[in-house]
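Take a look at the structures below.
Both complexes shown next keep chain A, but they swap its partner, so chain B is in the first and chain C is in the second.
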Partner chain A sequence: METVGSQIIEVLSSMISSGVPVSDGTRIARDLGLDSVAIMDFVMELEERFDILIPLDQIADVETIHDLTKAIEAIMKDAA
Partner chain B sequence: MNELLPANYSGGVYRPADFATLTEALDYAALGNAGLDFYSGKGDLLQTLRYRDLRKQARSLARRMRSAGLAQGERVAILADTDADFVLAFFASQYAGLVPAAMPLPTAFGGKAGYISHIRRMIESSGASAVLSPGALLEMTQEAASGLGLKAAGTLEIFDGFVDDGAPLPEITPQHLSYLQYSSGSTRFPLGVAVTQRALMSNCRAITQHGLKIIATDRCVSWLPFYHDMGLVGFLLVPVTTQMPVDYVATREFARRPMIWPTLISRNGGTLSFSPSFGYDLCARRAASGVRADNLDLSRWRVAGIGGDMIREKVLSNFAESFSPDGFRREAFVASYGMAEATLAISFAPLATGIKTDHVDLDQLEAAAIAEPVKRNGAAGPRSRSFVNCGKVLPGHELEIRDADGNLLGERMAGRVMVRGPSLMQEYFGNHEETSRALSQDGWLDTGDLGYLIGGSLVITGRSKDLILINGRNVWPQDLEWAVEQEVDGVRSGDVAAFSIDEAAAERVVLMAHCRKTNESEREDLRQAIIETIRVRAGLDCEVMLVAPHSLPQTSSGKLSRTQARQFYLSGADGSGAPTNAHRQA
Partner chain C sequence: MSIFDKFADIRNTLAELSANGQNPLEVRFDEINSPVEGMVGGKRVLLFGTSNYLGLTFDADCIEAGVHMLRESGTGTTGSRIANGTYTGHASLESQLANFYGKRTAMVFSTGYQANLGLISALAGREDHLFIDADSHASIYDACRLSSAEVIRFRHNDADDLARRIARLKDKPGCRIIVTEGIYSMLGDTAPLREIAAVKRESGSYLIVDEAHSMGVLGARGRGQCEAAGVEADVDFVVGTFSKSLGAMGGFAVSDLEGFDLLRVAARPYMFTASLPPSIVATVSAALHRIQKDPSLGARVRANGLRLYRGLQKAGFLLGPQPNPVVAVKMPDRECAVTFWKYLLAEGVYLNLALPPATPGSLALLRSSVNAQHTDEQIDCAIAAITRVGVRLGLIKPAAPDPRVNHPEKLALPAE
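Right, the complex of A and B next:
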């Protein structure tokens, strides 16, 4: 089974240019070269894929791919 | 679980906002069957709140808020999610004589710290006695309020322990403040527009009876945030004063799934909906990328309003083309002009006529402030541009165009737009200095916008102040400059100028910064750091122009001149006579 982290990276890889390295520590708003509309699309993709809603507070609290992975895992656990 | 059904208007005699106060308006709306529906981005009906239930719950909450020690005239900050709790807290405040101030929501990844300090400054600026929050933002709210000595900070549940003693509620009169609106002012120095019941009702009446000519069978749809004037006044308070049903979807849901907007309009028979140009743009682009909603019927949409930023003719034209197969009529577009300082609306273009533009000679406009009409598409002709006609000022209000010295200007002479009338704010809350800068002794508001009149109809051409209007948001350049100075290594105070370039297609944000590096990779790092900082702190995309140290233009008093920085940028950007000390990199 694919991990949450690997699926996030899979979604991202279709949106960013191939030369950009992505790791756990990558900062979403700063390091990916995505504009604000692309970031919205990214969030929507993740919500569709995991069938979750990422709540307001977590958007502000999430800075890195690692933070996002943890947040999505927590949301999925709550929903289960 | 019972399936929720959207609320519909039924019964009662329609009253077009002819009430003395907002509480009187809700008392009347509560006699009918209409109300507010809240949808998810996928189109599921999440909550429905009929006006009669809203009134009953709001009056009970008002009494419990008073039991908790909140007294008439005190302010209550409310973090404004698009949900029933916000609406309930807002109207409970109306009945209790409290003054609510809607606070924004966080928008950017990693923006937590900046968001908390922003909320804290607004709580302090309003002198709020309490702050209310959605459950999801509770921790951040409590952090923002810590040490401020508020009487209450939490979700609506904090009032559960207080009894509804059934005591009489205070009398609300037209001169009482209704709310504070925080969409003006920078995040560092927030300004709360203080609106009385009288001003609010005056603007609601003008919008209802003249601007939009609202009728009993109208229904509106909105994804605009409640913390902006167009979302709060236009799509919550105007509907309450006209007993109108509303369908809402949260702004963040719309941004992710823009097609939910036309979908809801189609499904529930919406007739009125507004957006800044960018909302139409998001939809048209989504449609162009192949995302279509099936079986849309937009034929009942009679007012597709545009306001909140410069109106983009091309964007609207794209939208109309995309959605005309679904019954959308381009005549439904209605240009409008307004601002929170005038409650909401100042003028509307005539209904059912679509967007009307005026095509003028740009050289004449810039050099002589004369709007000289020219023919379109004259390839050999002068530099020219179209501006949108925003219609006549609402009845009961006056509008004048004046030059920099305050002299009245005539037809087709461009100058400052000044407005006077019953819809204007009372003040910027608790800030006499800023109030007297905006409002004259004899009641004229300097809108900060530039424009001209044709036969009494207003055409907006730009702004006399530095404010950046982008995607319907007011952004103060000081906030962007400050964020970069605080967060980017090697950037000091006075090293950055932020401004926007208004083009026919869009408004672009530019940050011009001093750079002491000559190594190209270090220069690129600085550019990226500035772009990232603006994205995280302001949720905006910008471009960066690096210039030599000490080359940012200053005014005679030594202050940064953003106007000159913009001209400097433009002279370099079009390649004609770029200043030699500007190392411009695309």
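Right, the complex of A and C next:
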């Protein structure tokens, strides 16, 4: 079964063309060079993938894929 | 280590923009001579990037009203309306705005930015949910940050996506507040307000529409996209600015809802800033009278937008999706956009360079806006200049040669 983290990496990899390998510790803005709008667009794709809502304030503190995974897991648990 | 280290990317971008001449973000006008002409570096330029849609910045009645009030009431109010009181002009402008929109109440803010900041941040409380269009203006994003509500973006101009996202909330408590704009400032496209209003009704949400770029431009009476789409009764709050079609400075919100006046002591960007100077209020009031008296202004700016859009489309440029007074030319990349902008200024045409992340979809744009005072000749001149630069940079192909134009001597040949 795909984990939340692996699905996030899959969505992200489809959105970037930099060829930078993406892993749990990847810093989304700093390592991938995504600007604020690109990050919000990425989060929008994740909302579709997981059928959830990710409020903007909840991604403010997210730096790495790991942080994002934890945030999404918490939202999914809350919605269940 | 400097406190400015965090701006390293911005510093690099500015250095790139400043290379090879004028930095597009730091244009200095020697003079602004009219709504359509100015001077940059001692050279006359046509203004095609001012959002001065009705060209009222030099309207004689507006200027006279402002000068008169400047002498009558002084240069400023030196404080907020909570502390320093409301002047007659503030109250009468609010009545005039409410009357213009056919709404019960209007509130005047000191800028359009603060109107969004104040209205949205005060309305959206802790348990509420804001649903904002992904391409919203920065003032809407900043308002969301100042509010205590949860903020969700929906796909640009996609009412079905909005409905899906609202449905995901299920039975969570709190109000749902949808925020959209009449005309989007970067690509010049309008919101599908009929569809969005239907989602609003079905979901029991509130609807805020920012008409900053559509007031005076769209609708038979100039009330904006809400009027043009026939959804004014569904819109709970209209927000707007005095700094575009009304040619001055300031912002406003209007509403029919009982309780709207409470925001005067709840919206911090209304309470904790100086109110508009009486002279500005007087010019705005005169400009609003002009719009009400002369609906041909709106018709003219729409026709001018269409002329510019069709001309650039015919030349082969990639444009925003709809002909409106904002006409955006899509550039292949940032470097090309910057070069294009500089060449165009040298050709005597000023417009706006718009770069990500201020633009949707990471697009680099040359954003132009027409106004009601542009003549057909000036618009054609801009089209010709943009086309020349586009050909020079290889973005479009030269038009097929017109034998009469390129070989005028043929005109003189006797008929065979």
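By definition in this document, the second predicted complex is superposed on the first by the 77 of 80 C-alpha atoms of A that agree within 3 Å, B and C clash if a C-alpha of one lies under 4 Å from a C-alpha of the other, contacts with A are read in each partner's own complex, and residues count from 1 in each chain.
By definition in this document, contacts are C-beta pairs under 8 Å (C-beta built on N, C-alpha and C of every residue); 3 or more make two chains touch, one makes a residue touch a chain.
From a predicted model like this one, the values you see are computed outputs, not experimental measurements.
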Of the two partner chains, chain B (first) and chain C (second), which one does A:Ser36 touch, if any: first, second, both, or neither? both
Could you say whether A:Asp51 touches chain B, chain C, both of them, or neither, answering first, second, both or neither? second
Should A:Arg27 be classified as contacting the first partner (chain B), the second (chain C), both, or neither? first
Which partner does A:Ala80 contact after superposing on A: first (chain B), second (chain C), both, neither? neither
In the superposed arrangement, does chain B or chain C reach more residues of chain A? B
Looking at the overlay, what does A:Ile59 touch: chain B (first), chain C (second), both, or neither? first
Overlapping contact positions on chain A, where the chain C interface meets the chain B interface: 35-37, 40-41, 44, 47, 53, 55-57
Interface residues, chain A side, partner chain B - complex: 27-31, 35-37, 39-41, 43-44, 47, 53, 55-57, 59-63
Along chain A, where are the residues that touch chain C in the complex? 35-38, 40-41, 44, 47, 51-57
Residue numbers of chain C touching chain A in their complex, please. 134, 144-145, 150-153, 155, 165, 168-169, 356-357, 360, 362
Along chain B, where are the residues that touch chain A in the complex? 40, 81, 105-112, 115, 134, 136-137, 139-140, 252, 255-257, 282, 532, 535-536, 539-541
